[in-house]
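The following blocks contain the structures, represented as structure tokens.
Note that chain A is present in both complexes that follow, paired respectively with chain B and with chain C.
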Partner chain A sequence: MTLFNNYFRKLGNFVKPFKRTECFIVLSKRTFANGAYDYDLAVIGGGSGGLACAKEAINLGAKVAVLDYVTPSPQGTKWGLGGTCVNVGCIPKKLMHQAALLGEAIHEAVAYGWQVPSVEQVRIDWSALTEAVQNHIKSVNWVTRVDLREKKIEYINGLGEFKDPHTIIATMKNGSKKELTAKNVVIAVGGRPHYPDIPGAKEYCISSDDIFSLSNPPGKTLVVGAGYIGLECAGFLNSLGYSATVLVRSVPLRGFDQQMSSMITNEMEEKGVKFQHRCIPLSVEKLASGQLKARWLNTETQEESEDVFDTVLLATGRYALTQQLNLPAAGVTTLSKNGKIVANTEQTNVPHIYAVGDVLEGRPELTPVAIHAGRLLARRMFGGSSQQMDYENVATTVFTPLEYGCVGLSEEVATDRYGADNLEVYHAFYKPTEFFIPQRNIRNCYLKAVALRDAPQRILGLHFVGPVAGEVIQGFAAAVKCGITMEQLSNTVGIHPTVAEEFTRLNITKRSGKDPNPASCCS
Partner chain B sequence: MSGAILTQGLRSPMRRLAGLRQAKSISKSVVHNETILVKNNNEFINKVMNNDKPVIVNFHAEWCEPCKILTPKLKELIEPLHNLDLAVVDVEDNAELVHAFEVKAVPAVIAIKNGLIVDKFIGLVDADMINNLIDRMSGKKKEDA
Partner chain C sequence: MVTNVVLKGFDDFTKYTETIAPNGPTVLFYFSGSKLPNGDSWCPDCVVAEPVVKAFLSEVKKDVTFVYVDVGDREYWKDRACPFRTDSRTKLMVIPTLIKWKGVQRLEGSQCCNRELLQMLFEEDD
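Presenting the complex of A and B:
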């Protein structure tokens, strides 16, 4: 065998050099593409936007470095490569949402005839849940690192800041520093949870950074904030069996269609989540028992209230991590008052410095937005493309126990922009077939289409509250991008029995005043 | 014949690996039947590449459920054997080995004999495949020449 192998080895000696020459040529193209700088592109931030941009850039022949660093949360939580979405955002959120739904499904199964022994004793094992979720996250961290290594993207686990417009200093965990120069820089640092300035916030409260790896079950939880993060957390915590109370400063899901938002919160209330409207937190203190006493103020009645909780989860907004970048050293001045970067075409006032993702002002803070924008940006930088990112009509979904999916304009924004007289809003309540047998609440299953009044009635926004709302809305997002009209939607034949088909059955307008409740199915 | 070509085709990781460490001392230590827990490249070269016996190398991760089933199974089957060793490589601690062997998913099992890769499988495979591999590695000598 060895003789045989030696023979092949000799052949290999001829074949290999040619291969290596090819590699050498590609390598030299990369290295000498810009002799003046270490890299063609340095990406600060290894999250959705940063990684997508880096991977597209390397495909186009650029020499790329990615810096990623996670400053521990006030409670000490940290995580690996991949950014917010993978570690403390979309992914663990969706997994916990799924865990909550499965818990509900176990009970519904009984109505369908499943014999579930001691169904009243079914409980969630928080440790098992968090372990499963964290294992999945770690596997994604690993695959991401392997992918970067394979694509020959340099990964630096350090906190990046500018020294001058083309020089970045990365500070590692052990304090050592590494300096690198780059022809282009993309800022994709994202954001972190904001902590209100009240006593006890940083010492005793947790945020979405901590909930998905919390070492002890959260127990009775107070969620401060009613944006989608607060509502989604309160939603799955409640369904998992942990009592949840939500403090709402102004309105739930501010910025979203308010009628749909009220459907969601109604459903959550009917499921047992308590809402304290028009309330702001005053303080959180730790009791001898280890529990937390939270005090809050009702800004309308000026009444103060308090209660004891096991966990207080702050979800009062997120701020962009621009402070630690030392942007003045780079000459970047286009910052909004919330510290985000203003960059309409992802380019800052410094021509070779760009920004992508949550750090951008006025753009949807969504992973697919960051990924798409990051890719298009890389193509413009290294691929000679001129295609800009289209931030209009980006679909999104709030994963509360009863989900809310939407694409396009809310009714409020459409009314503002076009005037109520120029709009026609079609709406309907519906009854999912699967809800009947377990007698699930159908009161909040509702959808609407906001369209222009004049024929062919181009659709401006679609809104849907119901199960699997994300799956329902995704296809319609493509339709809205094509400029779908009510005429086309009405002429689309639905798939039966589904909940998505309700969009094709829309025919009652708000203007008509007719009852939008369904008579019966199949007609 | 096919074994040799397989060997040839899979040899390039060895080049990369060789580059990681210059000194190649032949291991003359007493034959242990304990599983080799690879902590670094040197250990890998000494105890796996330069091992007189064939070695089954199991790439393992703590966060990987199928690994938690496969690794104990491999230990159970291989530790009693005197002419075959098992090496477990934790992918989090051995990034360069992962890269050298182009491991993109875990669990991954690579069979090494005389410093050459002779077989590879990815994922949790059934007991038959594992047993076949072990029989081939520990039983009859390779005769494809």
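Presenting the complex of A and C:
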């Protein structure tokens, strides 16, 4: 802000004196908040977006406070600083996915000649797994707290809400309250799992908040919901040896490319995961045995079914934690009907109040998106930058046992936007070299490129189902950002033998009707 | 109240860990380079950190066992196979290192001289 504004604020101080002492020589001092507020920036939410924004802001000379608080889940689970990703999202998910893959690898190793004693008796020790995962998470919580302290970012472990546009009240676990004022506020509160309004949901069911620290092995599990959280959980649970059934309300991975989605659900089915399509949950009750009886309705046939499970995991969506912020007190009115904050450039209708991360309406709910947007926001607030976040062509991966990575448009969206006649879709099935010896299923190893039909055929979307899909797609995300065309992709020489090279070998179009199955490798 | 223990070398360290009571007071291990004849460690960072850590601990109200572990001379430490580096309970990468036994809390190098960070070692777990 300018010296001019500082001057008038100082005059205001004479008229309405503040309780704290002020230094009135600040007119000439080049600070941001010149002492009128406790902080230049208060960030509500210590997750991926909030912490990235805070750390960038402190690097740029701002005085920053971060509020973070975890309201326990209905089952009583809570966690430390770092947000969803670190504690109950990406990190523990990937670790459990890795545990599942390693379990499969032990068996594949036998085909390669490894002498594995009593391989049929290989079992997962759920306690050992959760202990290892939780230890890692706790060490990340620690390192995060040390980092904030070293950078001199004030960390307040309290639930934040607005008292007025520049004042936040933090309520601590013991009920005590702390008030702070800030020149700028960034709302980065993220979201939590949604519980369907059915009997037994909150009493007996768990969510992704609980699964990664579950004190007893999950056993036979019902997963309600077929978004990526539901599928990833069902995937690793099944691979770890726990029977998994998925209730799908409409379609798996709604919003994602449906052809690719069916590839991964086919793979999951072939591995033993059961899918109940077009089904919604009706109730969950606890039996004398301690097990849970779940009832559900097939909305197409109107048929009711039930079964007994050890665990029911709800994965029916997530909602933004905006209700508890008391946004009306701040004057923030730009909320969507989902309760998320509408803020195209991360700025709400109140100029000094911003939002970043999962709390934002219409943006990918991904950690790297929140981090990048948070950093750019801090640079605009304190670094004189004007660079806006580019939310287009953000790559992502679904970490089901056979992974799905993609960047850009799905075939459906591309068709809607450009018309099928203006598109060319290249596709192929492929056989990873490593799959032959253990005779792993290659039926669902598939990839495609959705491109504009006119030369040079700019690529609109890349889709890949297979091992290490995230690693495969990452580099291509940079290529798509540069506007890569099919001509360029076809002229890229592949690395052999890899699965990623299959992108450079794409040459059969859907339109041609030719068989996309490979004859053999190396041709 | 601080109880001080001084250990020298990896064997001493291993033997001592077997005597730690599971529900006893907090045990903090401080790994440092051995002392030269002049009384200072060959490790300059350890020389700087030691008085800060000791002074901080003298103010701590809780019961704490502070275990000073002499890891050895420079040659022993620099060897990549040094057991303090390879053992999963320590996995040292740097000296000085402060480790809270059976906890995830750990401070390395110049972090050991930071009073605010030392304070965090004693804060309640969330």
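Operating definition for what follows: the second predicted complex is superposed on the first by the 490 of 523 C-alpha atoms of A that agree within 3 Å, B and C clash if a C-alpha of one lies under 4 Å from a C-alpha of the other, contacts with A are read in each partner's own complex, and residues count from 1 in each chain.
The rule is simple: contacts are C-beta pairs under 8 Å (C-beta built on N, C-alpha and C of every residue); 3 or more make two chains touch, one makes a residue touch a chain.
Keep in mind that what you see is a predicted model, and the values were worked out from it rather than measured.
In the superposed model, A:157 lies in contact with chain C only, and not with chain B. In the superposition on chain A, A:149 contacts both chain B and chain C. Set against each other, chain B and chain C touch different numbers of residues in chain A, with B touching more. In the superposition on chain A, contact of A:139 is made with both chain B and chain C. Looking at the shared chain after the overlay, A:288 reaches neither chain B nor chain C. With both structures placed on the common chain, the touch criterion links A:78 to chain C but leaves chain B unconnected.
By the touch criterion defined above, A:493 lies against neither chain B nor chain C after alignment on the C-alpha atoms of chain A. Comparing the two complexes, residues 135, 138-139, 142, 145-146, 149-150 of chain A contact chain B in one case and chain C in the other. Residue ranges of chain B in contact with chain A, taken from their complex: 3-5, 7-8, 11, 61-65, 91-92, 95, 98-99, 103-105, 116, 142-145. Contact residues on chain C toward chain A in their complex (touch as defined above): 104-107, 111, 114, 116-117, 120, 125-126. Those residues of chain A that touch chain C in the shared complex are 70, 78-81, 135, 138-139, 141-142, 145-146, 149-150, 157. Remark: chain A residues 1-5, 8-9, 12, 134-136, 138-139, 142-143, 145-146, 149-150 touch chain B in the complex.
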